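Below, each structure is written out as structure tokens.
Common to both upcoming complexes is chain A, partnered first by chain B, then by chain C.
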Partner chain A sequence: MNLLFQQVLNGLTLGSIYGLVALGLTLVYGILHIPNFAHGALYMVGAFASYYFMTDMGLHYWLAMLLSGVVVAALAVLSERLVFHPLRNAPPIHDKIAAIGILLFLEAVIQMLWGSDFRRMASPYNGILNFDGLIIPEQRLLIIVGAFTLMLALHLFLRRTMLGSTIIAMAQSREGAFLVGIDANRVAMLTFAISGMLAAFAATLYAPINLVYPAMGHLVIMKAFVIIVLGGMGSIPGAILGGMILGFAESFGGFYLSSDYKDIIAFSLLVVILSFRPTGLFAKGAH
Partner chain B sequence: MLQLDRVDVCYGSFKALNQVSMTVAAGELVVLLGANGAGKTTLFNTISGLLRPTAGSITLEGRRIDGLKPSALVAAGVVHCPEGRKLFPQMSVLQNLTLGAYLHRRDGEGNRRNLAEVFELFPILHDKRQQPAGSLSGGQQQMVAIGRALMSRPRLLMLDEPSLGLAPLVVNQMFEVITRINQSGTSVLLAEQNAFAALKIAHRAYVIEGGSLVMEGDQQAMLGNEAVRKAYIGA
Partner chain C sequence: MKTLKALGLAAAAALAAAQVGGAHAEQTLNIGFTGPLSGGAALYGENTLSGLRMAIEDVNAAGGIKIGDETYKVNLISLDDKYSPAQAATNAKRLVKESQAAAVFVPHTGGVFALQDFNVADDFLIMAYTSVPAVTRQGNPLTVRIPPEFSNYVSSFSDYAMQHFGKKLGIAGATHEYAKIWTEMMSQTWEQKGGEIVASNPMDYNKSTDFYTGVSRVIAANPDVMFVGGASEPTGLVMQQARQLGFQGGFIVMDQAKLDEIAVVTGGLDLLEGAIGVVPLSEYDNEIAQAFVERYKKAHGKVPGSEAAYNYLAFHALAKAMELAGSTEPQQVRAKMAEAITAMEPQYNLYAIQGMSDDGGFITPTTMAVVEQGKIVRKAVAN
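Then we have the complex of A and B:
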């Protein structure tokens, strides 16, 4: 029973992080049709930025996370302005190539500044809660609660505010959005900013129970792509649920099979689900 | 109010509009007649900033507006209600209408007044305000599209084929509403294939063929014109 609970907890933790990263990726894809391979690099920069604010500047964990969110949001907007915006009328393959270019560039910059060592990021929440035999590390609880809070906040922003509904409007009818006076550039920048911020928050939440290193984004972005393909490209609920499915599959698969196969599970799942539902699980109920 | 002077529009090497010159005076209801593919929608998209003219100029009350972004044109009062409606299908009717007032979002009082007017014009929309716009019938969706355009506070309203695919009874209603909108002081440019019904409510009309304006006249002249009757009215 206890072991089972630990796996559920692991699944929720992983699923929360995957969900947050996939949300940013699916927003950018759903609205701007850019498959942003650089999203994993933004996630990595988010972890390094928090690491820098905490260890070099001595800021508190929460403040570091907030600042890192701002830095990565700015970086994401910059990449939109300098790279993706000029390519808006180019064939789609150019976006992909450019995104991989940004990925390599950001990794090289981080490696130049910090080297390729693995670093440990301390969190003020390294205690362990014990509920009558059920053991929950504080940081894991923080990840789960934090991720759900962010998802709820995003949902309210998109549904309840005028600014948020411009994003949804652009996704549902581009031409309609133009004709009511919504500015495409503002929506593009806003979408990239949100996506970058979510990546930075996810990285800062997850880093204390993992490690910080320049290649940390690789596997995460591959899995995030698996998730948004599963969830239906551009679907927001699909990204959240897809993240959870993947998190649980990895956690239980790693436990009952072998943790060596943990990463294979994601991709096997992709193959299996796409064989039965080629358009993904939520392709229709998008947005 | 609106003036086009020898406007050309090209898609690649294909010239979709050729030397189009036209005017819409303040308070006028002008109809643009033409068959499918004649260039009506291209002309509308050009005026509303979705396309850029390759030559010629467009002015609104003396100010050059060609090459402006669609959002700048909506702000200037040129509002385009497009063919195919282009609603936000998964959003509620109310959200669609609210987004029409996007540029006026700081004027809550004015928007409430406008919303009340739209509901007065189309009472059925009030009953269906919480339903997703995509779930409505064609006629009701067209009402949402016109309502959304009215929420943008047009001084010149461009309606592209509002009667397309609607039942005859609904078409009559639609034309009545368009007359009312025009009588309240909004200039209207209306593209239609339903020539007879459109000419009955229009002050003037243009006929477009193969990307060029081939005929122009006031309501009586157009209704009496033999070529127009043959080509567009079928009598």
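Then we have the complex of A and C:
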């Protein structure tokens, strides 16, 4: 029984991280219709920023996470202003190429500054909880709780605040949003800021149980893309549910079948779901 | 196609011009390197490269390599292959055709195999940094294998683990080419010695976001000993998570991972009690190794691993062999390699290598280290 719960916990941990990263990706896609390939690099920069604030400046974990969120949000906004905004009238392929450009640029900069060494980021939550044989390291619990808190906060922000509603409005209809006087530039910047912040938080939550290095974004972004295709491009509940599906597929598949096959299981699931719902679980039908 | 060709020619011409321009009146000897310099294995590639660079600095500072009547300054040309055998092959072609590199250093098995397809025809020496036995057993006449074959480790590690921990082995190794060959030999040896394999769950160390699930699967089978290993850092994560999940037995650590580097990830040696692996260079107590460690620390701010050290000594051996052969002709250089190892300055021979076997492998004494009471302890190995 414990083994089963252990896998549920693993699935939740993985699903939480995947979901957070996918949320940022789907937000940007839903509003600007840009597949932001650089999102994984933002995630990586988030981990390095937290690492810098914690080890070099000696700040507390939570403070480092907050500052890292601010830094990466600023970086995301900057990339929107300098790269995606000027390309708004260009064919979509230009956005994609530009996004890959940003990805390579950020990775190269980080590798130049920190080198390609693997680093470890210590978190103050090193303890291990043991509930009658069910083992939960504190950091993993923190990831699950943190991710759900962030998802709830995002939900409340989008649904209950005026500012958040502008994002939803833009996602539903660009023209309609313009008609009621919503400033598209502001919404775009806001969306990028939120997606960057989510990536940084996800990275800071996950880094203590993993390694910090310049290529760390590749693994997660790959999964995040699968998730938003699975959940429906631009759908927020789709990103969360998709993240959980993938997380659970990996943990249960990896445990009951084989770790060798866990990616195959996850991707077969993608194929099956897409053959029944070609636009993903929560398609919006808008595009 | 035409423009492409023209571009290629222009690039080659520019490269050639740059080399001539840089060389002044001195003669320059090009040495090639292809390895991962970006992506997940970038650190590994850079570590190997750092050892080569240090050796080349030594040689150039001493005036260069004296081959026949001429003295050559050495110029290292390094290309990134992102760990891909196909890219390694393309790089090697470029190094040999464009830069006339006499030898190409390759730090990964897939790359070595890819180069062995054409190195005899294209006439260049492969300096292979991999301990897969097949690299030399295939009989390629222009290959030099730098580290020892891992078959010696497999047997002695198994003996020790069985004696101290028990006969049930759980396999949680990696899935890349090198690890697969290791795992196969490990399983065979373990069973030959009368042990039992209770779980086999290799994981992709380079592409997994998390190991918790895979590790818990192995631990669910209650092994006495766990076989782990890929690059040191993910190996550290696997071992840490195994301990978190309550595993108390011993670890057999594949030689790619080094105990001292793993300890950095796990935050000390406490979690590694009972881990069996190769002796990290930093634990060699002779003066030569210590002097190298100190020098490396000053230059790079960290303790060198065996990647740096083995490639460092391999370049010195190569330089000596060229001197002895009086030529850069690969066949002649390779023929003098065994002699070069005994003739080279002792301060370069960090691992006390005794010579080279006929099939081209450096002969290195097998070593073994075990973590006992929070310390890395060297153990004698029956050869």
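Criterion: the second predicted complex is superposed on the first by the 280 of 287 C-alpha atoms of A that agree within 3 Å, B and C clash if a C-alpha of one lies under 4 Å from a C-alpha of the other, contacts with A are read in each partner's own complex, and residues count from 1 in each chain.
Convention: contacts are C-beta pairs under 8 Å (C-beta built on N, C-alpha and C of every residue); 3 or more make two chains touch, one makes a residue touch a chain.
The shown structure was predicted, so the numbers you read here are calculated from the model rather than taken from an experiment.
In the superposition on chain A, A:Ile182 makes contact with chain B only, while chain C stays out of contact range.
A count of residues in chain A touched by chain B and by chain C gives the higher number to C. Once the two complexes are overlaid on the shared chain, A:Ile93 sits clear of chain B and of chain C alike. Using the contact criterion defined above for the overlaid structures, shared-chain residue A:Met112 touches neither chain B nor chain C, since it reaches no partner. Applying the stated contact rule after C-alpha superposition, one finds that A:Leu14 touches chain C and leaves chain B untouched.
By the touch criterion defined above, A:Met162 reaches chain B but does not reach chain C.
Every residue of chain B that touches chain A in the complex is listed here, in rising order: 48-50, 69-71, 74-75, 79-82, 85-91, 95, 98-100, 102-103, 105, 148-149, 152. Interface residues of chain A, counted against chain B in their complex, comprise 162, 165-166, 168-169, 172-173, 175-183, 287. In the complex of the two chains, the chain C residues touching chain A come out as 38-40, 42-43, 46, 175, 201-204, 207-210, 212-214, 216-217, 220, 231, 233-234, 237, 244-246, 264-265, 267, 302.
Residue ranges of chain A in contact with chain C, taken from their complex: 3, 6-7, 10, 13-14, 17, 107, 111, 115-118, 120, 122, 128, 135, 137, 140, 209-211, 213-215, 218-220, 223, 250-251, 254-255, 258-260, 262-263.
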